[in-house]
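Below is one structure, written out as C-alpha coordinates, with a few remarks after it.
Chains: A, B, C and D, in written order; residue numbering restarts at 1 for each.
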Amino acid sequence: MTHIKEMLETYPKDLGHIDREKLAECIAACFDCAQTCTACADACLSEDKVADLSKCIRSNLDCADICETSGRILSRHTGYDANVTRSILEACRTVCRSCGDNCEEHSGMHEHCRVCAEMCRRCEKACDELISSLG
Amino acid sequence: MTHIKEMLETYPKDLGHIDREKLAECIAACFDCAQTCTACADACLSEDKVADLSKCIRSNLDCADICETSGRILSRHTGYDANVTRSILEACRTVCRSCGDNCEEHSGMHEHCRVCAEMCRRCEKACDELISSLG
Amino acid sequence: MTHIKEMLETYPKDLGHIDREKLAECIAACFDCAQTCTACADACLSEDKVADLSKCIRSNLDCADICETSGRILSRHTGYDANVTRSILEACRTVCRSCGDNCEEHSGMHEHCRVCAEMCRRCEKACDELISSLG
Amino acid sequence: MTHIKEMLETYPKDLGHIDREKLAECIAACFDCAQTCTACADACLSEDKVADLSKCIRSNLDCADICETSGRILSRHTGYDANVTRSILEACRTVCRSCGDNCEEHSGMHEHCRVCAEMCRRCEKACDELISSLG
(Lines give C-alpha, C1' and ligand atoms only; values in the text may rest on other atoms or scores of the structure.)
Protein backbone atom coordinates (compact mmCIF):
# COMPACT_ATOMS: atom_id res chain seq x y z
CA MET A 1 0.00 0.00 0.00
CA THR A 2 3.12 2.23 0.19
CA HIS A 3 2.85 3.33 -3.45
CA ILE A 4 -0.82 4.30 -3.02
CA LYS A 5 -0.07 6.58 -0.07
CA GLU A 6 3.00 8.02 -1.78
CA MET A 7 0.94 8.93 -4.83
CA LEU A 8 -1.76 10.52 -2.63
CA GLU A 9 0.91 12.67 -1.00
CA THR A 10 2.32 13.88 -4.32
CA TYR A 11 -1.02 15.03 -5.74
CA PRO A 12 -0.39 18.71 -6.58
CA LYS A 13 -3.79 20.16 -5.63
CA ASP A 14 -6.01 19.94 -2.56
CA LEU A 15 -7.53 16.49 -1.96
CA GLY A 16 -10.49 18.02 -0.12
CA HIS A 17 -12.04 16.65 3.06
CA ILE A 18 -11.74 12.99 2.12
CA ASP A 19 -10.39 10.59 4.79
CA ARG A 20 -6.99 9.65 3.34
CA GLU A 21 -6.58 6.48 5.41
CA LYS A 22 -9.95 5.12 4.31
CA LEU A 23 -9.32 6.20 0.72
CA ALA A 24 -5.91 4.48 0.56
CA GLU A 25 -7.29 1.28 2.11
CA CYS A 26 -10.22 1.27 -0.34
CA ILE A 27 -7.94 1.72 -3.37
CA ALA A 28 -5.67 -1.10 -2.11
CA ALA A 29 -8.66 -3.37 -1.41
CA CYS A 30 -10.10 -2.75 -4.90
CA PHE A 31 -6.87 -3.69 -6.70
CA ASP A 32 -6.20 -6.67 -4.41
CA CYS A 33 -9.78 -7.90 -4.84
CA ALA A 34 -9.59 -7.53 -8.64
CA GLN A 35 -6.49 -9.74 -8.67
CA THR A 36 -7.91 -12.30 -6.26
CA CYS A 37 -11.23 -12.61 -8.10
CA THR A 38 -9.42 -13.03 -11.43
CA ALA A 39 -7.33 -15.82 -9.90
CA CYS A 40 -10.36 -17.42 -8.20
CA ALA A 41 -12.34 -17.51 -11.47
CA ASP A 42 -9.38 -19.29 -13.07
CA ALA A 43 -8.90 -21.72 -10.17
CA CYS A 44 -12.63 -22.58 -10.28
CA LEU A 45 -12.25 -23.20 -14.03
CA SER A 46 -9.62 -25.86 -13.27
CA GLU A 47 -11.69 -27.71 -10.68
CA ASP A 48 -13.02 -31.11 -11.73
CA LYS A 49 -16.53 -30.06 -10.73
CA VAL A 50 -16.42 -26.76 -12.60
CA ALA A 51 -20.08 -27.19 -13.57
CA ASP A 52 -21.01 -26.58 -9.90
CA LEU A 53 -19.01 -23.35 -9.92
CA SER A 54 -20.37 -21.53 -12.98
CA LYS A 55 -22.29 -18.97 -10.91
CA CYS A 56 -19.23 -18.40 -8.72
CA ILE A 57 -17.01 -17.84 -11.77
CA ARG A 58 -19.44 -15.34 -13.26
CA SER A 59 -19.58 -13.49 -9.94
CA ASN A 60 -15.76 -13.44 -9.77
CA LEU A 61 -15.54 -11.94 -13.27
CA ASP A 62 -18.05 -9.18 -12.47
CA CYS A 63 -16.33 -8.44 -9.16
CA ALA A 64 -12.88 -8.19 -10.81
CA ASP A 65 -14.21 -5.74 -13.41
CA ILE A 66 -16.05 -3.47 -10.98
CA CYS A 67 -13.23 -3.50 -8.39
CA GLU A 68 -10.70 -2.55 -11.04
CA THR A 69 -12.85 0.32 -12.28
CA SER A 70 -13.49 1.51 -8.71
CA GLY A 71 -9.77 1.38 -7.93
CA ARG A 72 -9.05 3.50 -10.99
CA ILE A 73 -11.72 6.08 -10.24
CA LEU A 74 -10.63 6.41 -6.59
CA SER A 75 -7.05 6.99 -7.85
CA ARG A 76 -8.21 10.16 -9.65
CA HIS A 77 -8.87 13.43 -7.80
CA THR A 78 -9.00 16.07 -10.54
CA GLY A 79 -12.51 17.51 -11.00
CA TYR A 80 -13.93 15.31 -8.21
CA ASP A 81 -17.57 14.31 -8.81
CA ALA A 82 -19.28 13.08 -5.63
CA ASN A 83 -22.15 11.44 -7.54
CA VAL A 84 -19.85 9.33 -9.69
CA THR A 85 -17.66 8.32 -6.73
CA ARG A 86 -20.66 7.36 -4.63
CA SER A 87 -22.39 5.36 -7.37
CA ILE A 88 -19.32 3.30 -8.30
CA LEU A 89 -18.59 2.66 -4.60
CA GLU A 90 -22.16 1.44 -4.15
CA ALA A 91 -21.84 -0.87 -7.15
CA CYS A 92 -18.53 -2.13 -5.79
CA ARG A 93 -19.98 -2.79 -2.34
CA THR A 94 -22.90 -4.65 -3.96
CA VAL A 95 -20.77 -6.91 -6.16
CA CYS A 96 -18.29 -7.64 -3.33
CA ARG A 97 -21.15 -8.72 -1.07
CA SER A 98 -22.57 -10.93 -3.81
CA CYS A 99 -19.23 -12.47 -4.78
CA GLY A 100 -18.28 -12.94 -1.13
CA ASP A 101 -21.54 -14.85 -0.60
CA ASN A 102 -20.97 -17.00 -3.69
CA CYS A 103 -17.40 -17.86 -2.73
CA GLU A 104 -18.33 -18.52 0.89
CA GLU A 105 -20.66 -21.31 -0.19
CA HIS A 106 -17.63 -23.19 -1.54
CA SER A 107 -15.07 -22.11 1.04
CA GLY A 108 -15.21 -25.43 2.88
CA MET A 109 -14.43 -27.26 -0.35
CA HIS A 110 -12.06 -24.91 -2.15
CA GLU A 111 -9.25 -22.92 -0.50
CA HIS A 112 -9.24 -20.34 -3.34
CA CYS A 113 -12.91 -19.58 -2.62
CA ARG A 114 -12.11 -19.17 1.09
CA VAL A 115 -9.28 -16.71 0.40
CA CYS A 116 -11.42 -14.90 -2.17
CA ALA A 117 -14.45 -14.64 0.14
CA GLU A 118 -12.27 -12.98 2.78
CA MET A 119 -10.88 -10.53 0.24
CA CYS A 120 -14.41 -9.66 -0.96
CA ARG A 121 -15.46 -8.99 2.66
CA ARG A 122 -12.46 -6.71 3.15
CA CYS A 123 -13.28 -4.77 -0.01
CA GLU A 124 -17.00 -4.56 0.81
CA LYS A 125 -16.06 -3.14 4.23
CA ALA A 126 -13.58 -0.66 2.75
CA CYS A 127 -16.22 0.62 0.29
CA ASP A 128 -18.80 0.83 3.05
CA GLU A 129 -16.52 2.84 5.33
CA LEU A 130 -15.47 5.18 2.55
CA ILE A 131 -19.11 5.79 1.55
CA SER A 132 -19.94 6.61 5.20
CA SER A 133 -17.00 9.01 5.48
CA LEU A 134 -18.19 10.89 2.37
CA GLY A 135 -21.09 12.13 4.48
CA MET B 1 -24.59 -4.31 -33.35
CA THR B 2 -25.00 -7.52 -35.39
CA HIS B 3 -22.43 -9.44 -33.32
CA ILE B 4 -24.13 -8.47 -30.05
CA LYS B 5 -27.52 -9.79 -31.18
CA GLU B 6 -25.95 -12.90 -32.67
CA MET B 7 -24.24 -13.69 -29.38
CA LEU B 8 -27.51 -13.12 -27.46
CA GLU B 9 -29.22 -15.62 -29.76
CA THR B 10 -26.57 -18.29 -29.25
CA TYR B 11 -26.68 -18.18 -25.43
CA PRO B 12 -27.47 -21.81 -24.50
CA LYS B 13 -29.76 -21.20 -21.50
CA ASP B 14 -32.84 -19.06 -20.92
CA LEU B 15 -32.17 -15.29 -20.95
CA GLY B 16 -35.15 -14.68 -18.65
CA HIS B 17 -37.64 -11.86 -19.05
CA ILE B 18 -35.12 -9.22 -20.07
CA ASP B 19 -36.02 -6.99 -23.06
CA ARG B 20 -33.51 -8.18 -25.68
CA GLU B 21 -33.76 -5.07 -27.86
CA LYS B 22 -33.03 -2.77 -24.94
CA LEU B 23 -30.26 -5.06 -23.69
CA ALA B 24 -28.53 -5.20 -27.10
CA GLU B 25 -28.76 -1.43 -27.52
CA CYS B 26 -27.37 -0.86 -24.03
CA ILE B 27 -24.41 -3.21 -24.61
CA ALA B 28 -23.67 -1.47 -27.93
CA ALA B 29 -23.97 1.98 -26.35
CA CYS B 30 -21.61 1.02 -23.51
CA PHE B 31 -18.85 -0.21 -25.84
CA ASP B 32 -19.30 2.70 -28.30
CA CYS B 33 -19.26 5.20 -25.43
CA ALA B 34 -16.12 3.62 -23.93
CA GLN B 35 -14.33 4.06 -27.27
CA THR B 36 -15.61 7.60 -27.82
CA CYS B 37 -14.68 8.78 -24.31
CA THR B 38 -11.20 7.27 -24.64
CA ALA B 39 -10.74 9.14 -27.93
CA CYS B 40 -12.22 12.37 -26.52
CA ALA B 41 -9.85 12.34 -23.52
CA ASP B 42 -6.96 11.98 -25.96
CA ALA B 43 -8.24 14.70 -28.31
CA CYS B 44 -8.66 17.07 -25.33
CA LEU B 45 -5.08 16.25 -24.33
CA SER B 46 -3.88 17.53 -27.73
CA GLU B 47 -5.78 20.82 -27.58
CA ASP B 48 -3.66 23.94 -27.07
CA LYS B 49 -5.84 24.96 -24.14
CA VAL B 50 -5.69 21.56 -22.43
CA ALA B 51 -5.57 23.27 -19.01
CA ASP B 52 -9.22 24.31 -19.52
CA LEU B 53 -10.17 20.71 -20.25
CA SER B 54 -8.69 18.84 -17.27
CA LYS B 55 -12.10 18.21 -15.65
CA CYS B 56 -13.49 17.04 -18.99
CA ILE B 57 -10.58 14.62 -19.49
CA ARG B 58 -11.03 13.17 -16.03
CA SER B 59 -14.74 12.70 -16.66
CA ASN B 60 -13.98 11.00 -20.01
CA LEU B 61 -11.60 8.55 -18.31
CA ASP B 62 -14.13 7.61 -15.61
CA CYS B 63 -16.88 7.26 -18.21
CA ALA B 64 -14.76 5.00 -20.43
CA ASP B 65 -13.94 2.73 -17.46
CA ILE B 66 -17.51 2.41 -16.16
CA CYS B 67 -19.03 1.97 -19.64
CA GLU B 68 -16.56 -0.78 -20.45
CA THR B 69 -17.31 -2.60 -17.20
CA SER B 70 -21.06 -2.21 -17.73
CA GLY B 71 -20.77 -3.52 -21.29
CA ARG B 72 -18.93 -6.58 -20.00
CA ILE B 73 -21.40 -7.30 -17.19
CA LEU B 74 -24.40 -6.93 -19.52
CA SER B 75 -22.72 -9.40 -21.90
CA ARG B 76 -22.89 -12.10 -19.19
CA HIS B 77 -26.10 -13.95 -18.37
CA THR B 78 -24.97 -16.96 -16.30
CA GLY B 79 -26.08 -16.72 -12.65
CA TYR B 80 -27.84 -13.40 -13.26
CA ASP B 81 -27.76 -11.11 -10.21
CA ALA B 82 -30.34 -8.32 -10.40
CA ASN B 83 -28.65 -6.24 -7.67
CA VAL B 84 -25.30 -6.18 -9.44
CA THR B 85 -26.86 -5.41 -12.83
CA ARG B 86 -28.96 -2.59 -11.41
CA SER B 87 -26.12 -1.00 -9.43
CA ILE B 88 -23.65 -0.96 -12.33
CA LEU B 89 -26.35 0.40 -14.67
CA GLU B 90 -27.06 3.19 -12.16
CA ALA B 91 -23.36 4.04 -11.93
CA CYS B 92 -23.16 4.02 -15.73
CA ARG B 93 -26.19 6.31 -16.09
CA THR B 94 -24.65 8.68 -13.49
CA VAL B 95 -21.24 8.91 -15.15
CA CYS B 96 -22.75 9.29 -18.65
CA ARG B 97 -24.88 12.18 -17.46
CA SER B 98 -21.88 13.83 -15.79
CA CYS B 99 -19.54 13.30 -18.75
CA GLY B 100 -22.24 14.41 -21.21
CA ASP B 101 -22.64 17.64 -19.21
CA ASN B 102 -18.88 18.21 -19.11
CA CYS B 103 -18.44 17.62 -22.84
CA GLU B 104 -21.48 19.71 -23.74
CA GLU B 105 -19.86 22.77 -22.15
CA HIS B 106 -17.11 22.56 -24.78
CA SER B 107 -19.19 21.31 -27.70
CA GLY B 108 -19.31 24.72 -29.38
CA MET B 109 -15.52 24.91 -29.29
CA HIS B 110 -14.46 21.29 -29.86
CA GLU B 111 -16.08 18.89 -32.31
CA HIS B 112 -14.81 15.84 -30.35
CA CYS B 113 -16.66 17.06 -27.26
CA ARG B 114 -19.83 17.55 -29.34
CA VAL B 115 -19.67 13.99 -30.72
CA CYS B 116 -18.79 12.62 -27.27
CA ALA B 117 -21.63 14.50 -25.52
CA GLU B 118 -24.11 12.95 -27.97
CA MET B 119 -22.70 9.48 -27.35
CA CYS B 120 -22.93 9.96 -23.56
CA ARG B 121 -26.59 11.01 -23.91
CA ARG B 122 -27.30 7.90 -26.00
CA CYS B 123 -25.65 5.66 -23.38
CA GLU B 124 -27.38 7.43 -20.47
CA LYS B 125 -30.72 6.89 -22.22
CA ALA B 126 -29.96 3.23 -22.98
CA CYS B 127 -29.06 2.58 -19.31
CA ASP B 128 -32.15 4.43 -18.15
CA GLU B 129 -34.47 2.43 -20.41
CA LEU B 130 -32.88 -0.87 -19.46
CA ILE B 131 -33.19 -0.05 -15.74
CA SER B 132 -36.90 0.77 -16.24
CA SER B 133 -37.49 -2.46 -18.14
CA LEU B 134 -35.96 -4.49 -15.29
CA GLY B 135 -39.04 -3.54 -13.23
CA MET C 1 -18.03 2.24 -36.91
CA THR C 2 -19.39 5.75 -37.59
CA HIS C 3 -18.38 7.07 -34.16
CA ILE C 4 -14.81 5.78 -34.55
CA LYS C 5 -14.32 7.59 -37.87
CA GLU C 6 -16.01 10.72 -36.55
CA MET C 7 -13.63 10.82 -33.59
CA LEU C 8 -10.62 10.30 -35.88
CA GLU C 9 -11.74 13.27 -37.98
CA THR C 10 -12.11 15.56 -34.96
CA TYR C 11 -8.61 14.88 -33.58
CA PRO C 12 -7.08 18.38 -33.36
CA LYS C 13 -3.50 17.56 -34.36
CA ASP C 14 -1.91 15.67 -37.25
CA LEU C 15 -2.58 11.91 -37.23
CA GLY C 16 0.67 11.24 -39.13
CA HIS C 17 1.04 8.76 -41.98
CA ILE C 18 -1.19 6.07 -40.48
CA ASP C 19 -3.75 4.43 -42.80
CA ARG C 20 -7.04 5.76 -41.38
CA GLU C 21 -9.22 3.07 -42.95
CA LYS C 22 -7.11 0.26 -41.49
CA LEU C 23 -6.87 2.06 -38.14
CA ALA C 24 -10.65 2.55 -37.88
CA GLU C 25 -11.32 -1.08 -38.84
CA CYS C 26 -8.78 -2.31 -36.28
CA ILE C 27 -10.29 -0.20 -33.47
CA ALA C 28 -13.77 -1.47 -34.37
CA ALA C 29 -12.56 -5.08 -34.55
CA CYS C 30 -10.86 -4.81 -31.15
CA PHE C 31 -13.98 -3.52 -29.38
CA ASP C 32 -16.30 -5.96 -31.20
CA CYS C 33 -13.97 -8.87 -30.41
CA ALA C 34 -13.74 -7.85 -26.73
CA GLN C 35 -17.54 -7.96 -26.50
CA THR C 36 -17.88 -11.22 -28.41
CA CYS C 37 -15.19 -13.00 -26.38
CA THR C 38 -16.77 -11.82 -23.11
CA ALA C 39 -20.13 -13.20 -24.28
CA CYS C 40 -18.57 -16.45 -25.56
CA ALA C 41 -16.81 -17.10 -22.23
CA ASP C 42 -20.16 -16.66 -20.51
CA ALA C 43 -22.03 -18.86 -23.00
CA CYS C 44 -19.40 -21.60 -22.58
CA LEU C 45 -19.89 -21.30 -18.81
CA SER C 46 -23.57 -22.15 -19.25
CA GLU C 47 -22.99 -25.22 -21.41
CA ASP C 48 -23.71 -28.58 -19.76
CA LYS C 49 -20.26 -29.81 -20.75
CA VAL C 50 -18.45 -26.74 -19.42
CA ALA C 51 -15.57 -28.95 -18.23
CA ASP C 52 -14.64 -29.55 -21.90
CA LEU C 53 -14.53 -25.80 -22.50
CA SER C 54 -12.25 -24.56 -19.71
CA LYS C 55 -9.32 -23.86 -22.06
CA CYS C 56 -11.67 -22.06 -24.47
CA ILE C 57 -13.07 -19.89 -21.65
CA ARG C 58 -9.60 -18.94 -20.48
CA SER C 59 -8.61 -18.03 -24.02
CA ASN C 60 -11.79 -15.92 -24.39
CA LEU C 61 -10.97 -14.00 -21.19
CA ASP C 62 -7.40 -13.25 -22.28
CA CYS C 63 -8.59 -12.23 -25.74
CA ALA C 64 -11.25 -9.87 -24.34
CA ASP C 65 -8.67 -8.18 -22.09
CA ILE C 66 -6.00 -7.71 -24.76
CA CYS C 67 -8.49 -6.60 -27.45
CA GLU C 68 -9.95 -4.00 -25.11
CA THR C 69 -6.52 -2.64 -24.23
CA SER C 70 -5.51 -2.57 -27.90
CA GLY C 71 -8.72 -0.77 -28.84
CA ARG C 72 -8.00 1.86 -26.17
CA ILE C 73 -4.40 2.38 -27.21
CA LEU C 74 -5.30 2.68 -30.91
CA SER C 75 -7.90 5.31 -29.93
CA ARG C 76 -5.11 7.56 -28.61
CA HIS C 77 -2.85 9.58 -30.93
CA THR C 78 -1.15 12.10 -28.63
CA GLY C 79 2.59 11.43 -28.24
CA TYR C 80 2.43 8.43 -30.58
CA ASP C 81 4.94 5.70 -29.65
CA ALA C 82 5.53 3.24 -32.50
CA ASN C 83 7.12 0.61 -30.22
CA VAL C 84 4.13 0.49 -27.87
CA THR C 85 1.62 0.40 -30.74
CA ARG C 86 3.49 -2.37 -32.53
CA SER C 87 3.97 -4.52 -29.41
CA ILE C 88 0.32 -4.38 -28.31
CA LEU C 89 -0.83 -5.09 -31.88
CA GLU C 90 1.45 -8.13 -31.97
CA ALA C 91 0.07 -9.37 -28.65
CA CYS C 92 -3.46 -8.80 -29.97
CA ARG C 93 -2.77 -10.69 -33.20
CA THR C 94 -1.28 -13.56 -31.16
CA VAL C 95 -4.20 -13.88 -28.74
CA CYS C 96 -6.80 -13.57 -31.53
CA ARG C 97 -5.13 -16.39 -33.45
CA SER C 98 -5.02 -18.54 -30.33
CA CYS C 99 -8.60 -17.81 -29.29
CA GLY C 100 -9.84 -18.25 -32.87
CA ASP C 101 -8.18 -21.69 -32.94
CA ASN C 102 -9.68 -22.65 -29.57
CA CYS C 103 -13.19 -21.55 -30.55
CA GLU C 104 -12.96 -23.16 -33.98
CA GLU C 105 -12.50 -26.57 -32.36
CA HIS C 106 -15.99 -26.23 -30.86
CA SER C 107 -17.66 -24.35 -33.71
CA GLY C 108 -19.46 -27.43 -34.99
CA MET C 109 -20.97 -27.99 -31.55
CA HIS C 110 -21.55 -24.46 -30.26
CA GLU C 111 -22.87 -21.58 -32.33
CA HIS C 112 -21.32 -19.01 -29.94
CA CYS C 113 -17.88 -20.50 -30.59
CA ARG C 114 -18.50 -20.34 -34.36
CA VAL C 115 -19.48 -16.65 -34.20
CA CYS C 116 -16.57 -15.92 -31.85
CA ALA C 117 -14.01 -17.75 -34.02
CA GLU C 118 -15.05 -15.61 -37.00
CA MET C 119 -14.73 -12.44 -34.94
CA CYS C 120 -11.25 -13.46 -33.74
CA ARG C 121 -10.18 -14.07 -37.36
CA ARG C 122 -11.46 -10.63 -38.35
CA CYS C 123 -9.55 -8.98 -35.48
CA GLU C 124 -6.38 -10.99 -36.18
CA LYS C 125 -6.53 -9.86 -39.82
CA ALA C 126 -7.17 -6.23 -38.85
CA CYS C 127 -4.15 -6.24 -36.50
CA ASP C 128 -2.02 -7.92 -39.14
CA GLU C 129 -2.92 -5.39 -41.81
CA LEU C 130 -2.38 -2.45 -39.49
CA ILE C 131 1.04 -3.78 -38.45
CA SER C 132 2.02 -4.14 -42.13
CA SER C 133 0.86 -0.62 -42.91
CA LEU C 134 3.03 0.78 -40.08
CA GLY C 135 6.05 -0.13 -42.24
CA MET D 1 1.73 -9.55 -2.17
CA THR D 2 0.41 -12.07 0.39
CA HIS D 3 -2.90 -12.55 -1.45
CA ILE D 4 -1.11 -13.22 -4.76
CA LYS D 5 1.04 -16.00 -3.27
CA GLU D 6 -1.92 -17.44 -1.37
CA MET D 7 -3.92 -17.68 -4.58
CA LEU D 8 -0.99 -19.31 -6.41
CA GLU D 9 -0.81 -21.94 -3.67
CA THR D 10 -4.53 -22.76 -3.88
CA TYR D 11 -4.55 -23.34 -7.65
CA PRO D 12 -5.93 -26.87 -7.96
CA LYS D 13 -3.83 -28.12 -10.88
CA ASP D 14 -0.12 -28.15 -11.67
CA LEU D 15 1.39 -24.69 -12.27
CA GLY D 16 4.13 -26.20 -14.46
CA HIS D 17 7.78 -25.18 -14.40
CA ILE D 18 7.16 -21.46 -13.96
CA ASP D 19 9.27 -19.65 -11.32
CA ARG D 20 6.68 -18.84 -8.66
CA GLU D 21 8.69 -16.08 -6.99
CA LYS D 22 9.19 -14.25 -10.28
CA LEU D 23 5.58 -14.82 -11.28
CA ALA D 24 4.22 -13.45 -7.98
CA GLU D 25 6.50 -10.40 -8.14
CA CYS D 26 5.48 -9.73 -11.76
CA ILE D 27 1.75 -9.94 -10.94
CA ALA D 28 2.25 -7.59 -7.98
CA ALA D 29 4.33 -5.16 -10.07
CA CYS D 30 1.70 -5.10 -12.83
CA PHE D 31 -1.16 -4.22 -10.48
CA ASP D 32 0.94 -1.70 -8.50
CA CYS D 33 2.14 -0.07 -11.72
CA ALA D 34 -1.42 0.13 -13.11
CA GLN D 35 -2.50 2.00 -9.97
CA THR D 36 0.52 4.29 -9.92
CA CYS D 37 0.25 5.20 -13.61
CA THR D 38 -3.48 5.94 -13.21
CA ALA D 39 -2.66 8.25 -10.28
CA CYS D 40 0.28 9.86 -12.12
CA ALA D 41 -1.87 10.65 -15.18
CA ASP D 42 -4.36 12.34 -12.86
CA ALA D 43 -1.69 14.24 -10.92
CA CYS D 44 -0.17 15.48 -14.22
CA LEU D 45 -3.66 16.62 -15.24
CA SER D 46 -3.79 18.85 -12.15
CA GLU D 47 -0.41 20.50 -12.73
CA ASP D 48 -0.49 24.15 -13.83
CA LYS D 49 1.74 23.31 -16.77
CA VAL D 50 -0.33 20.33 -17.93
CA ALA D 51 0.35 21.26 -21.57
CA ASP D 52 3.98 20.20 -21.06
CA LEU D 53 2.83 16.82 -19.74
CA SER D 54 0.44 15.63 -22.45
CA LYS D 55 2.84 12.99 -23.79
CA CYS D 56 3.53 11.79 -20.23
CA ILE D 57 -0.21 11.48 -19.50
CA ARG D 58 -0.80 9.50 -22.67
CA SER D 59 2.07 7.18 -21.78
CA ASN D 60 0.66 6.73 -18.25
CA LEU D 61 -2.75 5.76 -19.65
CA ASP D 62 -1.29 3.17 -22.04
CA CYS D 63 0.94 1.78 -19.29
CA ALA D 64 -1.97 1.44 -16.85
CA ASP D 65 -4.04 -0.44 -19.45
CA ILE D 66 -1.30 -2.86 -20.51
CA CYS D 67 -0.11 -3.51 -16.93
CA GLU D 68 -3.65 -4.29 -15.83
CA THR D 69 -4.18 -6.71 -18.70
CA SER D 70 -0.80 -8.36 -18.05
CA GLY D 71 -1.60 -8.71 -14.36
CA ARG D 72 -4.89 -10.42 -15.23
CA ILE D 73 -3.36 -12.80 -17.76
CA LEU D 74 -0.54 -13.79 -15.38
CA SER D 75 -3.19 -14.51 -12.71
CA ARG D 76 -4.66 -17.25 -14.96
CA HIS D 77 -3.04 -20.67 -15.33
CA THR D 78 -5.73 -22.83 -16.93
CA GLY D 79 -4.85 -23.84 -20.52
CA TYR D 80 -1.53 -21.97 -20.36
CA ASP D 81 -0.49 -20.54 -23.74
CA ALA D 82 3.22 -19.63 -23.86
CA ASN D 83 2.82 -17.44 -26.97
CA VAL D 84 0.14 -15.27 -25.40
CA THR D 85 2.04 -14.95 -22.10
CA ARG D 86 5.27 -14.02 -23.84
CA SER D 87 3.67 -11.47 -26.19
CA ILE D 88 1.78 -9.61 -23.45
CA LEU D 89 4.89 -9.61 -21.23
CA GLU D 90 6.90 -8.12 -24.11
CA ALA D 91 4.25 -5.42 -24.65
CA CYS D 92 4.28 -4.73 -20.91
CA ARG D 93 8.06 -4.45 -20.79
CA THR D 94 7.98 -2.09 -23.79
CA VAL D 95 5.32 0.24 -22.35
CA CYS D 96 6.96 0.28 -18.89
CA ARG D 97 10.28 1.30 -20.44
CA SER D 98 8.60 4.03 -22.47
CA CYS D 99 6.50 5.35 -19.58
CA GLY D 100 9.48 5.17 -17.21
CA ASP D 101 11.49 7.29 -19.67
CA ASN D 102 8.67 9.81 -20.05
CA CYS D 103 8.15 10.15 -16.29
CA GLU D 104 11.88 10.35 -15.61
CA GLU D 105 12.14 13.49 -17.74
CA HIS D 106 9.87 15.25 -15.24
CA SER D 107 11.05 13.54 -12.05
CA GLY D 108 13.10 16.56 -10.94
CA MET D 109 10.04 18.77 -11.23
CA HIS D 110 7.20 16.47 -10.16
CA GLU D 111 7.34 13.99 -7.28
CA HIS D 112 4.50 11.88 -8.77
CA CYS D 113 6.59 11.39 -11.92
CA ARG D 114 9.57 10.36 -9.81
CA VAL D 115 7.56 7.76 -7.88
CA CYS D 116 5.92 6.57 -11.11
CA ALA D 117 9.23 6.27 -13.00
CA GLU D 118 10.56 4.02 -10.22
CA MET D 119 7.45 1.86 -10.35
CA CYS D 120 7.71 1.52 -14.14
CA ARG D 121 11.37 0.43 -13.79
CA ARG D 122 10.34 -2.19 -11.21
CA CYS D 123 7.62 -3.54 -13.50
CA GLU D 124 9.88 -3.50 -16.58
CA LYS D 125 12.46 -5.51 -14.61
CA ALA D 126 9.85 -7.97 -13.31
CA CYS D 127 8.57 -8.59 -16.87
CA ASP D 128 12.11 -8.96 -18.17
CA GLU D 129 13.05 -11.51 -15.50
CA LEU D 130 9.85 -13.49 -16.00
CA ILE D 131 10.39 -13.58 -19.78
CA SER D 132 13.96 -14.87 -19.24
CA SER D 133 12.76 -17.55 -16.84
CA LEU D 134 10.22 -18.80 -19.41
CA GLY D 135 13.24 -20.07 -21.40
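Keep this in mind: a residue touches a chain if its C-beta (ideal position, glycine included) is under 8 Å from a C-beta of that chain, and two chains touch if they have at least 3 such contacts.
Keep in mind that what you see is a predicted model, and the values were worked out from it rather than measured.
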* Structure fact -> If you tally C-beta contacts across C-D and across B-D, the winner is C-D
* Of all the other chains, whose mean CA position lies farthest from chain A? -> C
* Structure fact -> Rounded to the nearest Å, the gap between Cα centres of chain B and chain D is 27
* For chain C paired with chain D, centre-to-centre distance based on mean C-alpha positions, whole Å -> 21
* Asked: If you look at chain D, which of its residues touch at least two other chains?
  -> 42, 45-46, 54, 57-58, 61, 68, 72, 76, 78
* Asked: Which of line, ring, star, complete or other matches the graph of chains that touch?
  -> complete
* Using the touch definition up top, name the residues of chain A that touch chain D in the complex. => 3-4, 6-13, 27, 31-32, 34-36, 38-40, 42-43, 45-47, 64, 68, 71-72, 75-78, 110-112, 115-116, 119
* Report the residues of chain B in contact with chain D in the complex, numbered from low to high. => 41-42, 45-46, 48, 50-51, 54, 57-58, 61
* In their shared complex, at which residues does chain A touch chain B? -> 54-59, 61-62, 65-66, 68-69, 72-73, 76, 78-79, 81, 83-84, 87-88, 90-91, 94-95, 98, 102
